[in-house]
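Structure below; questions to follow.
Residue numbering begins at 1 within each chain, and the chains themselves are lettered A, B, C and D in the order written.
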Amino acid sequence: MAIQQLDTPERVNRSAAPEITLAGIGKRYGASTVLRDITLSVAPGEIHGIMGENGAGKSTLLKILGGAIAADFGVVKLDDREVKITEPRDAIAQGISLISQELALIPGLSVLENVFLGRWANAGSLLRSRRDADHLERLLAETGFELDPRAMAGDLPIGQQQQVEILKALARGAKVLCMDEPTAVLNEAEKAKLLKVIRSLARLGTTVILVSHYLEEVLGLVDRVTILRDGQHITTEDASRHTPESLVGLMVGREVDFLIPEVRPVPPEAKTVVQVAGLSSSKVQDVSFTVRQGEILGIAGLVGSGRSETLLAMFGADRTTSGYVQINGRRLRANSIREAIKAGMALVPESRKEQGLVMSRPVDENIALSTLSGRSLGGFVRVAREKAAVSGISHSVDLRGARRGSLIADLSGGNQQKALFAKWLLNPPAVLLVDEPTRGVDIAAKARIHGMIADLAARGTAVVVVSSELEEVIGLSHRIHVMRQGRIVAEFDRNASRDEVMTSAFLK
Amino acid sequence: TPPTQAAAGPASTADAGKSLNVGFFGFAKSNGFAQGTFLGVQQAAKANNATATFVDPNFNAQTQVQQIQDAVTSKQFEVIVVQANDNQALIAPLQQAVQAGITVVVEFSVIGPKFDTIQPQVPGAISIVDLPTSNGKMLGQMGKDACAKVSKDTCKVAYLEGFKSLPLDNARTEAVKAELATDPKIKLVASVEGGYTQDSGRQAFQNVSQANPDVDVVIGASQAITGAAAAAGNSNIKFIGNGASTSNVEAVRSGKWFSIYVSDVVANGAKATELGLAKARGQQVETAVDEASLAPNKAKGTKEALDAVNYVSKYSD
Amino acid sequence: MTTVTVAVSEPAEKKFKLNVRDFGIVFGLIAIMLLLTLNTGTFLTGRNFINLFDQAAIVGLLAAAATLCIVSGVFDLSSTANLAVSAIAGVMITQHLGVIAGFVGALLVGAALGTVTGLIVVSTKVNSFIGTLAVSIIYRGLAIVITGGAIVAPLPEQLASFQTWTWPSLFGLTAGSVLMVAMTIVLGIVLWRTTFGRRIYAVGGNKEAARLSGIRTGSIHVAVFAISGLCSAMAGMILASRAGSAQPAMAIGIELTAIAAVVIGGTSILGGHGAMWRAFVGVMILTVIGNGFNLLHWDTTYQQVVTGVLILLAVAADGLFFRKRTG
Amino acid sequence: MTTVTVAVSEPAEKKFKLNVRDFGIVFGLIAIMLLLTLNTGTFLTGRNFINLFDQAAIVGLLAAAATLCIVSGVFDLSSTANLAVSAIAGVMITQHLGVIAGFVGALLVGAALGTVTGLIVVSTKVNSFIGTLAVSIIYRGLAIVITGGAIVAPLPEQLASFQTWTWPSLFGLTAGSVLMVAMTIVLGIVLWRTTFGRRIYAVGGNKEAARLSGIRTGSIHVAVFAISGLCSAMAGMILASRAGSAQPAMAIGIELTAIAAVVIGGTSILGGHGAMWRAFVGVMILTVIGNGFNLLHWDTTYQQVVTGVLILLAVAADGLFFRKRTG
């Protein structure tokens, strides 16, 4: 993989990456201040990490730099020259590219069209898609990403969408690359590819500013790291001076135990709660397994291997063609989400924006949505009860930043994820299906969510966990199934090694 | 006497023995006025060895254009009687129809840019119309008559126009205003859009009477006046309606309204059809008829005039 | 370990500001009303308010229903066609079985047709805009078929009681206005405080998320169309009651006025946002503008231009100064 | 390290199926045309096709423009009001400076008014649905103010050349039809193959994403409205040419027919999806249905009911059998 080829003629001169100085940056939403007097500078060609808890203001800071939102106070300087960045256009003109946490693709356009969004090769404004296609082919070869250029962006799994975003920034030849949790939705292999790309870019002089919740990843990659807490700049230091523990201490302001909790073994007499028999849909074939009371079953696999679809089919959300699901010996009617819910099943879906949350509605209402009828009287919502229940569960998942009546869209990404989790735990389920449960949540909250899953299992819930983070699957589960091309191809117990699982997932 | 013209073109060869097809392109089937006219069309068709069909554009001018074009293509009708939903858009397709040898009768609504002549403005067509200008003048005259009965120094009149955006309505409005202006006793206190539904009339009247609680005479489209009179309840206001549906006639004859502008829709439809069929069979016919001349008392529908002929309307709206 | 509670109570000042923003469009209405009060002697009178509400009754009922539809993510362009059919059915039933049966019958027909509309839209998965447009053509055609294009009226001796809805009642408002206000309040509460209302927001805001939450999105839409049909029938009976008759061309085009009113009030046509009071404010803005012009004795030639400008100002002010999210 | 390729190449057969699916609505049109050919002797004649295209000219032009608008995520409800003003302006200029100046003037006025509409919608951030509705009221009012509510016509000696657009030209089609077809093709290419077209899709598909990519979403929308104004002016000149005059009430309501045609063709009203040929197919479906009925000599009473059912069937078939995404 010849990364040197990145310097195609279309590119700007990378060595021209400027020194970035933020001076006194501040941002307010209504009465709440989300960023306060942020002052820091990033050297040309540096890989700079930004870390902090959910809601600390990381995305806000990156959005300001990328022109997606305007700062209320402070200035941005490039090489000591004050620049006005009020629109993404301004940032792009300065060579700054933002890959935001909420992916920003055009669903109805192809991968090819998205990668060169707004800057398609053309002659007199007539498109010359061939040139773009060739250019994209080069980029794909350089990065090792595997994407179908003609696929509609909206049809891609989220991990591939993230890759399109990254290619988009590369195609623009950005001098400064701001990446907001780019690895959150990638699987291990994709992550590795991305990190490689970032390193090569930096070597060629591109500045990379990276937000991530993965401590090891950050420490292994970045030159310096900035810690934000509650919208304030805590410190900027060399990464080499830090360990995961020391970073967490700075971020949270206290000691946190962030290892995955020890899961209690399933007692031998525990009865089978879930039985999946020969379940098939357009995306999965002949999936069969059982989960016992208090057992956590992990499903590992590559993107597109059908893990999410297995959960959706079990939940009645994807049309099944054959097979069935039994809960406590009772067979569920096919394709009925309501019956699955009635039987005590809950699904935390993988995409909070598309499948999980109603962005236009308040936080409380979102959390209460799937269990509405349980707190109603004659069709009326019992608001007081709802409030009590919601505030209880929000507390348990450490949901922060929600004010009275604030919309779910106004929460930080990680807090949205916590709300999604809270929604399905409001009534403790008998069977919990979770898909990428900790996507984008900070290290402390992640520990909490892991703790809650383990806790639920300990109290008898049967859990199925799908995650692209192998550590999560392996650490959390009693047993692990590996899926490939819509089928279960291997089974491991919790002592399986990373390599074993990886190999079986990749095997042709 | 109105001028006559020799029937020309291939259609003139149709012999009297052959049954003909009359297409009535009315405003809309859902419109009582058009239904009343169609009654006359049917009667005349039956009496003259012809069949009549109501082609319904549902008030849509573009649809009507299309229907006439398609009728020309399919040669469905030898005679077309048309109530125009648009005074201008129909010129071209009707010319096509005339050229194709179809007898075209323009009924009620003028088709063409001039609203003050009964002469056909589509060459070769027969025009039997109700002129907005003479219609407006008559409404104005009735307004004056009504004011003559008002025992005050000034007589306050409100006029509910049709639609501001319709030139034909505006021509009528001008005529009404001009006629009212000839009487120094009359003060036109309001001239607002009243539309052609009871509801729009009701709304316009409510607002007008709110601004001018002492209005004496209200003139407008019969549907609008129906809405207005209902909203007025028991008052001394003299209502003058433009139109003569069953309920309008009844309102005048019972003394609730002052007067109406009568057009005898059945007679109009019948006359139009007779003329069209006669011309299609090669006879010489009048090509310009003023519909007011077909109405009782030259369209001036006062209680006395209506009672005198014991007038019964054939349509309801 | 300490955690921050989610429902932090805000300083009172903050809360107020937030509310002011939300109610921007109300200030637009108040501004127009103030202008009229200062420039006419007749605007601020009881009589005129009775008129205003009477004029708002039909659009108000349709706009209330349209709010439910739009918030749930669908349009009902068939509402006034349904209005015509149910009013005609109501009159025909009245002729045979009396006025009360006629009114009840109209409501049943309206709700039934609305349900049919909903079932068609949901089962064919057609975009509601085009689906209900097609349905509206069908219903108008149906109205012509039933009546043969003629007007239908109750028997002469039934007329007085048939015109119930034009009678003055509460505060001197016509019964029709009272019905409109009552329905707006009832449907407002439904949207605001019931599980059904919550589901309407969820379906309109994110249909997939709603589905995965166990909400039967199809049923919600059918129910919303049924309610829309019910409101159409109410509006139809008020119109028929005023006219003393019903006919196939009733209220053509008013479904768009109703949608305009809803949007002027600030409900997003994209669904998932909005509230019932917004529909009421939107209806009132449109009604007051029309009413005001006639009271002001202005030259009506300029009326349309000024009406358009006023609507634009009211909505733009709401968007520019008050609300951040333009939907 | 070996990786599983996600983008498995599809067998050729599969690809073809996908295309067939995309063109579902075309089969609807073909089916209707086949039916008419078999049941009438007049449908499949040159004369009738000339009529068909002539009948489709106005809606076709407006639908082409509406496609750009809708794909970019906005509605232009002011298009026919703009049509009236530009046609009136065209006639007035004709009176003073001759026919050619009149046509050119009309186009300039149309494009200018369209630009103004765009600037208003973009700068006030008002939802385009309500913004252009208000603008349309203003433009209609303007038409009344300019004309004093009367008809305007070119001088008698100009009339013959003013009616250019009704003359037969290419293949015997009227010049107006040819203009419509030409504009549809030109705008189709613009949408399909130019950077501007891609930006239109981008803005309509995800405005925020487009903005983040440095696309000036405001400029795109203003440009789209300007083009819409241009098309309106063309349609206006054709209508004025046919009538030999122009007046303020021209083409009221046809903007909705145009939007309906666009949606029937299969373009999503949510923006970001769709194509120009779909608008053309939609317009043709509507025109052919109307034309067919007239040729079949069916009773117009049932015509409406059947028209509604046919539209529903065409769109539902497209949604149910052919396309997965219903938009």
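Operating definition for what follows: contacts are C-beta pairs under 8 Å (C-beta built on N, C-alpha and C of every residue); 3 or more make two chains touch, one makes a residue touch a chain.
From a predicted model like this one, the values you see are computed outputs, not experimental measurements.
Trainee: What's the overlap between the neighbours of subunit A and those of subunit C?
Mentor: Expected: D.
Trainee: Between subunit A and subunit B, what is the separation of their C-alpha centroids in Å?
Mentor: Going by mean C-alpha positions, subunit A sits 70 Å from subunit B.
Trainee: Between subunit C and subunit D, what is the separation of their C-alpha centroids in Å?
Mentor: 29
Trainee: How many angstrom between the C-alpha centroids of subunit D and subunit B?
Mentor: 34
Trainee: In whole angstrom, what separates the CA-based centres of subunit A and subunit D?
Mentor: Measuring from centre to centre gives 42 Å for this pair.
Trainee: What are the residues of subunit B that contact at least two other chains?
Mentor: Residues 29, 54, 56, 58, 164.
Trainee: Where in subunit A do residues touch at least two different other chains?
Mentor: none
Trainee: Can you list the subunit D residues in contact with two or more other chains?
Mentor: In subunit D, 140, 144, 148-149, 253, 301, 303-304 touch at least two other chains.
Trainee: Judged by the touch rule stated earlier, which pairs of chains are there in contact?
Mentor: A-C, A-D, B-C, B-D, C-D
Trainee: Given the complex with subunit D, which residues does subunit A contribute to the contact?
Mentor: Spelled out, the residues of subunit A in touch with subunit D are 66, 68, 87-89, 92-93, 98, 100, 104-109, 113, 117-120, 122, 125-127, 146-148, 151, 157, 160, 168, 189, 302-305, 484-485, 506, 508.
Trainee: Spell out the part of subunit D that touches subunit A in their complex, as residue ranges.
Mentor: Subunit D reaches subunit A through residues 1-7, 193-199, 201-202, 204-206, 208-216, 272-273.
Trainee: Quick one: in the complex, what on subunit A touches subunit C?
Mentor: Answer in residue numbers: 30-31, 254, 315, 317, 337-338, 340-341, 347, 349, 354-361, 363, 365, 368-370, 372-373, 376, 379-381, 383, 387, 390-391, 394-395, 398-400, 402-405, 423.
Trainee: Name, in rising order, each residue of subunit C that touches subunit B in their complex.
Mentor: On the subunit C side, the touching residues are 40, 42, 45, 47-48, 51, 54-55, 58, 140, 143-144, 149-151, 153, 166, 239, 242-245, 247-249, 251-252, 290-291, 293-297, 300-301, 303-304.
Trainee: Using the touch definition up top, name the residues of subunit C that touch subunit D in the complex.
Mentor: 120, 124-127, 129-131, 133-142, 144-145, 148-149, 253, 256, 260, 263-264, 268-269, 301-309, 311-312, 315-316, 319-320, 326-327
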